[in-house]
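Chains here go by letter, A, B and C, matching the order in which they are written, and residues are numbered from 1 within each.
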């Protein structure tokens, strides 16, 4: 089967600092891929390259047969890559429902004149969008009663889920989750595992997830990739990667060894 | 896509530039950009060009000193201190009041003050404006340090309105002169709040070069000299003193500086204090040089100086100096060869163009120079 | 905790409204009690039967306002220099009626808000507001308040503030040169419908041309400016806002020569040989400089005369426009594009990653804002029938910004409220205050001070209308420090 995402030899340098160094990997459709590595390994930077926030210094990224490196974030998103952020970036003053509707932005059509005059087509589209947004709230287990809460007033765990719902709203083919369990307690992390599996199984969306929680990674990932200092150290099943000598070495000196949960404060 | 020949490309680019230039000369004419007349003027009195250079340098010196205040503050908290121009205006008023204590009426009915009074007058102007600026920071900005940047900017705009209104109502003191001789010091303020106030004559308007066609007066020398002294002093302070180094550290990285044990609040207040003192000095320089001050002058002076700071590269001390001189020259030449009425528009145009095409300014690249 | 009869908001409201009543007096008491009643009504928690809870605070508030009015009518009117008030307004029955009216308003608002029928809840308040708005000009005329002009100008500015609210409140861009578009709108109508060029283009077309011209300039300015950082955008727009009045001020004697021929002519010392393109016989006067352009075309409507001094037609025309603006803007806010604006304001990077085209979305906001301002400018020009560059300086941009900040960025109700508060204060209350202060000075301090100079000084010092800038400045600074979300925050508005 053709790859959904191909990251071909991508390098990203900030001045002298090479945050992502010749990273090369492929993701097949339907897969859940885990991305691990100590702090500063370049995981988030890699995500930012894929989603168009950064343009790779070298190499290219091909998604669904089209080159996406060099496109603007909204153009990448329109092609079917959605993401969440390591330190939740919701639209705090907007309601939960509106946050999800913003996620649908690229899937809706209403232009400015239609916003003024609201013809039946737009009214219909808006109603459908709202219904779908409510469904998504249900899907991530938030419940409709939070629909008109300003996002910043939601509890932390709910905000993480809302962010996932917002990303799902655009019907992406590929979902990038940056530390979805960070800041969640054990129970919430457990739930998160279910949702990620649901997203993959029920919605058929391919997932790449940056995670420090190895239990979660081992549980849901079909494949795991480990990075350190911008380079890929190992790729394979979770067990293989954890045992890989380079990975073990990379984690020595950090607060926790590979295979344990790395407790991290949400920042 | 076909690759265009580099020569064709260059030709096209030149053509484009010529076309834009031509268009500018066409539509710029109502704003004084009339090459024919400019050439005629220059040919008629070539010495005038040098004269404008002198005027531009003197005015530029004042702009530099105000621009330093913008640049210092921007360097340290990334705020366009909108109220700075008004601090300068109040500085000019303070300077005027300081001078007026020593003002006497001449035989012809004009007002005059001795030279040493002008030099002495720098002290209250600088002290008061320094304190005022630091007070503004404390009152209107400090609480907002972690708010969105625009919130602080809006607060600064509000502050500038407040100060301008104070400048306007300050003029009311002039009415006290009618009360009795004990209020004679307020004579300089006249009887109309809003009207421009004349500075007492301090310096001789005699040409230091005698009959030479280019005029350099005491005022020119004083203003440029004062600017030079202030800049050297500031440079010494920032480069060589402990507090100056702390200032640079806070500008580079506030959190790191705080962790090194630097009292960030205190350093920021100090920066405002210094910026305000400079604005106060500029107020005195302006009054001595131009002879009149008015409560609305802070806005124009502020925007010119801000443009200078941006042109040089905001946050950069040397940049402010360069930008100030350039803007001073631009204004002088525009006054003479374009059209006085349009000078502000030309300055704003420069501001807009710099922000659009080179937001880092002329010297913006040298980040190590940041105050 | 002790149950308080009046909430903090109500106490502040009473103090402010009481102060207004104190300096205005006469029939204004009727309007002020209605306002304070509405405030109490809005401030009381809505629940079935809650109207009873509004009775006491409503009555107390109204009584406080009436007390202030009585002080005005019977004490302040005794001071020198006061303008007369209609005798009928000082009858005891009026005071009792005012208390009843204020209380009734409070009760009615609460009752409407806690109605069980959702439609009543939704349209009841709007209907009440509309009824008051319709009644206002007739009452104003009867009561000889002379407020109509201020209210009409306030509505024009509120329209402008609604436009700025799209730019600054929704999309989060600080446009400090907003007045430029107001000027462009005003000058467009002045060019096309005045004796300046002897053009009389149909009014209802001209206002759209004016709006389009402003939008066009918004596009021209916005395209390069929008990718800039927030504070740089603020400064560039400010520069634009300064350049535009300079241009209008000085384009009154245009002569344009062909540059090359003019250069050659200068070099050969033969000025006559330059080829002249524009303004050859006499310089072309485009804007009439500082003298401005007057008179400017008025709206045409069968059976209605729009003239200076006849406020009622203007009032309803502009009220209608304001209502239409509110209607359209609230639709915009709740559309795909409106959500995109707010998302950008909240988090630009996240919005971009969610598929929002930043430049295009912001540009639309910028142009729409410009369009509103141009539209308002055209009406302003037509209303005052006079356009000059002095009407468009930086302070106007800041005053409009002040309306948005005071009311609540992003909040339609707030922004309109802010517009009214600022403009009514600016045009009406400060002048009233000045009259009262002047009278007070003369009756008290001046009795002990013979010296004319001292009197002049005090008069100048206490001249309230000289403190406009100070007031707006204080509003901006204190709002940013203590209530950045404004009087009527937008989230609260949506949750209600």
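One rule holds for everything that comes next: contacts are C-beta pairs under 8 Å (C-beta built on N, C-alpha and C of every residue); 3 or more make two chains touch, one makes a residue touch a chain.
What you see is a predicted model; the values in this text were computed from it and never measured.
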item: Category of the chain touch graph - line, ring, star, complete, other; value: line
item: Chain pair showing more contacts of the two, A-C and B-C; value: B-C
item: Distance between chain centroids, defined by C-alpha means - chain A, chain B (Å); value: 50
item: Centroid spacing, where centroids are CA-atom means, of chain A and chain C in whole angstrom; value: 45
item: Centroid distance [mean C-alpha coordinates] between chain C and chain B, Å; value: 33
item: Partner chain C, residues of chain A touching it in the complex; value: 51-53, 72-74, 77-78, 82-83, 85, 89-95, 98, 101-103, 105-106, 108-112, 114-116, 118, 122, 126, 148, 150, 166-167, 170
item: Of chain C, residues touching chain A in the complex; value: 328, 331-332, 335-340, 342-343, 346-347, 349-358, 364, 368, 410, 490-491, 494-495
item: Contact set on chain C toward chain B in their complex; value: 172, 174, 176, 224-225, 228-232, 234-236, 238-240, 242-243, 246-247, 249-251, 254-257, 259, 262-263, 265-267, 271, 274, 277, 394-395, 398, 401, 405, 451-454, 456-457, 460-461, 466-470, 472-477, 480-481, 484
item: Chain B to chain C touching residues, read off their complex; value: 22, 25-27, 29-31, 34-37, 39-40, 43, 78-80, 139-140, 143-144, 147, 149-155, 157-166, 168-169, 172-173, 175-180, 193, 299, 303, 306, 310, 339, 341-342, 344-345, 348-349, 351-352, 355-356, 359
